[in-house]
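Heads up, the next two complexes both have chain A, just with different partners, chain B and then chain C.
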Partner chain A sequence: MSLWVDKYRPTSLSKLDYHKEQAAQLRNLVQCGDFPHLLVYGPSGGGKKSRIMCLLRELYGAGVEKLRMEHQTLVAPSKKKIEINTIASNYHLEVNARQGGRSVLFHLLFHCFTSYFIFFFIASHLISSSFSLLHILFHLLFHCFTYFVSTVMLETRTRVVIQELIKTVAQSQQIQSSTQREFKVVLLTEVDRLTKDAQHALRRTMEKYTATCRLILCSTSTSKVIGPIRSRCLAIRVPLPSTEEVCSVLTAVCKKEGLLLPPELAKQISERSGRNLRKALLMCEACRVQQYPFSADQEIPVADWVIYLRETANAIVSQQSPQRLLEVRARLYELLTHCIPPDVIMKGLLTELLNNCDGQLKTEVAHLAAYYEHRLQLGNKAIYHLEAFVARFMAMYKKFMEDGLDGMMF
Partner chain B sequence: MDWLTVGDKAAAKRHNRWVDPSFTDLPLQHKNEVKRPRKRKGDASSSDQIFYRPNKQSQTDEDEPWVDRYSPSCQAELAVHKKKIEEVENWLRIHTTTSKGGILLLTGPSGCGKTTTVRVLAQELSIRIHEWTNSSNMESYSSSSQYEFRMNGLSYSSQSAQFREFLLRANKYNWLKIVGDDGTTDKKLILVEDFPNQFLRQHGSLHDILRQFVRSSRCPLVFIMSDSVNRDSSSRSLFPKDLQEELNITNISFNPVAPTAMMKVLTRISTVEAGKSCGKMCVLDAAALESLCSGSSGDIRSALNSLQFISFPDKALWTRKDRHVPSGIKQMKKKRSKKTKQMDQEPAIGGKDASLFLFRALGKILHCKRGNHGSPEAAQCAPGPALPSHLAHHQRDPLLITPEMVVEHSHMSGEVFNLYLHQNYLDFFSEVDDVAEASKYQSDADLLAANWMTRSTMRDYGSSVATRGILYSNTRHTSVGFRPLYKPNWLLVNKNHQENCLAAQSLFGSFCLTPVSLQTELLPYLPKLSNPLRNQAQLRFINDVAQMSLRRFPCRLKLETLTDKDPGELKIDAEEEQEDKQCQDGAEAPHPVTDHILLDEEDLIIDEYDSD
Partner chain C sequence: MQAFLKGATVQAPKAQKEKALAGSSTEKTVKAVPWVEKYRPKCVDEVAFQEEVVAVLKKSLEGADVSMLTWNYSSSPSDETFYIALVIVLICPVLYRQRVLELNASDERGIQVIREKVKTFAQLTVAGTRPDGKLCPPFKIIILDEADSMTPPAQAALRRTMEKESRTTRFCLICNYISRIIEPLTSRCSKFRFKPLDNHIQETRLLDICEKENLKYSKEGISALVRVSEGDLRKAITFLQSAARLSIAKEITEHTITEIAGVVPNKMIDNLLHICFRGTFEKLEVAVRNLVDEGYAATQILSQLHESIIEKDFGDKQKSAIAEKMAVVSKCMLDGADEFLQMLSLCSVIMQQSSQD
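So, the complex of A and B:
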């Protein structure tokens, strides 16, 4: 028994529940036999992946659904091995763009360091007579070294992963090319997480292997995808389904399960889920587990961390003191330990806090959150920025409340 | 970095050997015929301590290092705190009279008299010392029991095997009675100061040997280790708490030699030497001695070496250096009037790099000591006129410390130091506004060091911004009294975060989701769905990570208290070295109270959040 989300995922373009016009266009695209690189974007839970998988099935038949997890080992130019996980069928390969970065970095650093020290050792033997010369040399070397590392690192980090993978896929021709398409597909998820350099490398790779390979890029927004890539791809936007569409999907799924979903509950679920269909289906299934037959005013289960975050926000609003900040910090740590990414925490915290504060404060708080979210992306250790946001909110809120009190008194 | 402590020691010894020839043109003679086979005579043995009565044998030898010449021979001459000596003595008494052996671990900074205490006490209690020394090859064995190795086996055995053998034999067999040996006693103790190098890398093997030793032990075993600010202090890794409990190891920790005791010793020696040399050498005044004293930061060995060094001005070799001395002394005299600056200046000679244990360093920043506004000293330090009225709220009293120096002395990278500050700063603030300000600066500091390409240069600026930011934004002037300090949770949290994310990816990869939606959307719902098709690992993960305990108080992460001698980054913590420290350091470094903050993992219903 698999989850409803997986069980009732549409498998062909004709079975899609919404954005039917777009589905028809996609089918036309595939029926021409060939298609350009695609860039599929849209908010999470809108059905990007489902659409892509439908497209692949349309292309290659049922074979694409036989997925296997693969553990690939790549060799970086530094001869270090990089391990990544991929999901593949005979016809396509799915890679998450975020993988492989960190390990490459460290291996490279280590590599560079060792070679640098050997070099330095030799040099110091050559000019052992003069200390000052050695000193100068050291500085020179150090500069060379930083330059060397920086170029190598930037070029290699994720680029290696992407390029190598695509190369292996692209270089192996389809065996049964008579019956099948003459290209394979590489599906790259979370393209917006790629660094600029990796994206540039991707651009070159895209051009090089057009004959044997098509790329489908998948991302939540195009703003972090560089222009050259955007222009090389056919951009397909997959918007979120409307509330009614979510409701109809939920009802249809429940019907297939043999359940009766009251329309009020369906509506409530779709609103609660923020029109994120995946979330909506999970919520619906959780409702089913919680209680059946459904009642219209049933409480909808929410993810634990959301409740936890709400409580954290309440804690912030109810009292502003260093001690309370310490408690909030512990809660933030707890959230981080439970795999909630810092930017999601920041966003959730902001939404909860905005609910709690007055209209006048809202702009300031949003500005504050944007400021620290930006730093969160740039910075190194998330907790500093999260905590700075909370602390400054506390100070601001406290001042606002005190001013309000003063205003009341006079 | 395990080897560093021992390395320190070795360096110190080597240093002594280097010093020797500078005072003498003759090769060092063996000064005293030792009753017990002692290989490292004169190194650590006699150098740690001083006594003011010259040894009979060495009186003739003018150029002998003073550390050797004035090494103490009785308890009264030791510059160690009375109670410590008593403690060690009691232990020795108890464990030598009964045939049941035990293990004693002596720790403390280098040059505080650990070895000398043991030797002096052993002499007084007429216990023989049987010492292990690392040897580079078979030939260099000098201890009688070790000769057997050379006799028996030509085959070279590993150092740890030798050590094991040594322990067991030393434990089992008594000394041979040799004519002329005045040892009338069969009491003995085994002393290990030189750790076989292998143990520093593989702690387990030492532990195994010790367990074996304890099972059959008949005579006491004493380990001596130097503390260091190094992050991997080997006393903690070699003798972890659980092992100490398991094997019933007594740990006595020495403190740096107190300034008064050291001063007394230095003065005596100085006068004795001056009297002997008949004006040949310059006599140092009290101020110079005091500066030597403070410069050596409790290391009596280095203080004595410096004293001897400074006192011989007329050696041609040292004329160049000599010129520095008076100027240094003059400086110091001036310095005495301005006590505020004293910290930053180090004497030209004899200065030991002052290093702060992390606890003290953090305290210096967090307690934020400032000069009094009204005092003349403060007026001196603050140049320029007072700030105009619209900027008056930026006015702060002058600092008594230089934050950058504190960070430097703490022997940590700025980032780690910032983490420690971040973990602890909240306890020292009372106003939310101040906290907001301080946290802003910390966020800035993190940003400065964020880029790995520029990090090496920027991290100093980062730590400067963070420390000064915290100092600046703390507007409270009163002292907060003692607050316990904790180790940062961030590293652990971050590690868990990464690991959990990876685990989620690998365990639930079959859902083909992006990490964010997997972690925030799918996983939280999995425990709410009855879905039997999960393997054990997945179930466990769902239990641990996907579910959050809402009913509970946000169980604080277990806070690890930072004790005052803790080196930076350590998982193991220790709360030894408590009582005696306080009587010397006074209010300066009080001791953390661990228990009252650590919340139990009990079900505390959150009701305060819902109210108001």
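So, the complex of A and C:
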């Protein structure tokens, strides 16, 4: 038993469901032999990683999917030992550029939280239908574990790691270069989280080892990738699928599962998912567990924290007082301790609050959110900034309402 | 650096390389060479557009006397910066590896390296003749690429070395912004300014390459290429090569070029602005969300918005208010703020300002 997301991940470029023109171009790229460094970018859930894996498969054949975990020890110039885990096949090496330490754990848990809340949901349902509890728990743990290992603990903050890792790959030649490609691939995910220093180090490495090694960089946005790196790569943009495309993928997956998905429900799920295909598939699976056969107006399960956030926003709008601010603060803490990243909280609050104010005020709120989110990125204690945002909003909202009332009086 | 050079020459042995240069370019070299390298001018006369600089350099080459330290800087990141360095070297291509030390930003260039590596290299003397008996200038060249990213202490460490070893070594510093080089260094060098390339000249160059590589192209595609690259020929050539790789045996169109360059189609920008001027906040939110979902980089959207706003007929006051907000947003995005929130905030400023007429 595995999640639909993993089960129906396309494995070759020809099987991709959308952006077919781009897939054809990628195939051309592989065939012409002269393979450049790639920079794949686009919002999450759009299928960047799937495309990269397909591309690797196209390059090297099925051998790419035989993954193994490697444990390496690097020595930094300061004689400090850095231990890292990587995922590699015979042809490629995958490195995640997360900044190590606290933030890793934070994001990791969030990821588990969002993707696997549905899993919990499924699990709880299955338990009630007398499935083996042990089996499910085991599976869950396994999933979390693999995820953990794949993302974790790369102290890539230092450029040393980047340089050393790529050097070790690049310096070892492919063994049978007559039958295989003469280069290996290093897949670096979340490049936008690399420090400027590490990015500059990459720049030289990229040029120096072009003969034996190609880089595929993967990031959500190119804004934080420095110019020199961008100009050395062939940039490939992966937009999110349109709602229609999400619909058709959902229908196709359900068909493969032998289920009947009413078009209304498919449409609703794809709209709810915000064009994020991974989210849509997870939602669809949750719906399946909740109720089958599907009905067209079935309720789609929503994550607890989303509802909690919505309630928080409503609390802010309904009353503005120091008392309420304290309550909201407690709720924000609750969210933070459940590992919801602060920027997600901020965005969630903004969307909810925007629904509750009119024209002029909306602009102001948008400014506020942008301002405090920026400070949140710079600072290191999220609650200050979230709370400041809420307080400012309350003050503004109250003033606006009072002005409105005064206007009515006269 | 030497390792890099070695790597390059091992890849394409000299004889082969020269054959490729002299012979037909349709014949592919064994290893694929980036076109930027392949079509780099090989002698002074081929350098496009920078007439004054070329004239001065030719003069000094005739006398086999590069008596001054060359100092190249360009106000725009133009590919040409690097040409001249190569050009000087080409007096004696055989001696390149012995006589030239090239350091760029990705090399370690702290004060330590200047004191040890650069200094020892500079102190060596070389003969005034080539192995085959011909005359050649009796000095070595140290090229410091992207010199503006060197720290001031490291630059200061160069001062004395530069003067003392001038008998045996010439320095060539290349940078984008001369203001970031310390004063004592600038006064020791002669300066050459490289102009950004004219669109017309870029176009002929690109067409030339298309011709040599047997590419199919449309007129719009090439002009889009020129527009997108903003006077940067290296960028244009890299884009051209990428486009050629992606669409084998197909015409290179405007669409492919904009896609590779990651440029937001004008239609989307116009649409966004239209909503800013006419629409409501709700519509704006949807439009911005859409733009971010399409995966376009916010910095790119920002620079394109900037261009169109400048061209629009607003009052000066509105324009300056918007420009100020753009500067703030740009800084925030550099700090890693969320793109959606920043774009929304910017667009709402535009909306506010446009409604004030």
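Definition applied: the second predicted complex is superposed on the first by the 347 of 410 C-alpha atoms of A that agree within 3 Å, B and C clash if a C-alpha of one lies under 4 Å from a C-alpha of the other, contacts with A are read in each partner's own complex, and residues count from 1 in each chain.
The definition used in the following text is that contacts are C-beta pairs under 8 Å (C-beta built on N, C-alpha and C of every residue); 3 or more make two chains touch, one makes a residue touch a chain.
Predicted, not measured: the structure shown is a model, and the values here were computed from it.
Will chain C clash with chain B on chain A after the two structures are superposed, or do they fit?
fit
Which partner does A:Asp304 reach: the first (chain B), the second (chain C), both, or neither?
first
Would you check which partner chain A:Leu378 touches, where first means chain B only, second means chain C only, and both and neither mean what they say?
Both partners, chain B and chain C.
State whether A:Asn96 touches chain B only (first), chain C only (second), both chains, or neither.
Only chain B; A:Asn96 stays clear of chain C.
Once chain A of both complexes is superposed, is A:Thr363 in touch with chain B (first), chain C (second), both, or neither?
Only chain C; A:Thr363 stays clear of chain B.
What is the contact status of A:Arg203 with respect to chain B (first) and chain C (second): first, second, both, or neither?
Second partner only.
More chain A residues touched by chain B or by chain C?
The partner that reaches more residues of chain A in the superposed model: B.
So, does A:Val238 touch the first partner chain B, the second partner chain C, both, or neither?
second
After overlaying the two complexes, what is the shortest C-alpha distance between chain B and chain C, in Å?
Least C-alpha distance: 12 Å.
Common interface residues of chain A with chain B and chain C?
Of chain A, residues 378 contact chain B in one complex and chain C in the other.
Any idea which chain C residues touch chain A in the complex?
Residues 3-4, 7, 11, 31-32, 104-107, 234-235, 238, 242, 245-248, 259-262, 280-281, 285, 292-300, 329, 332-342, 344-345, 348-349, 351-352.
Which of the residues in chain A come into contact with chain C in the complex?
Residue list for chain A touching chain C: 25, 28-29, 31-34, 36, 41-43, 46, 200-201, 203-205, 207-208, 211, 221-224, 231, 234-235, 237-240, 274-275, 343, 346-347, 350, 354, 359, 362-363, 366-367, 369-371, 373-374, 377-378.
Could you list, by residue number, the parts of chain B that touch chain A in their complex?
415, 419, 422, 426-427, 429-433, 435-436, 438-440, 442-443, 445-447, 449-450, 453, 489-490, 493-494, 496-497, 500-501, 504-506, 509-512, 514-517, 519-525, 528-533, 545-548, 550, 554-557, 606, 608-612
Under the stated contact criterion, what part of chain A meets chain B in this complex?
Listed in rising order, the residues of chain A that touch chain B are 1-3, 5-6, 44-45, 49, 67, 69, 85, 87, 94, 96, 98, 146, 150, 189-190, 276, 278-279, 282-283, 285-286, 289-290, 301, 303-308, 311, 314-315, 318, 320-323, 325-327, 329-331, 333-341, 344, 372, 375, 378-381, 383-385, 387-388, 391-392, 394-396, 398-399.
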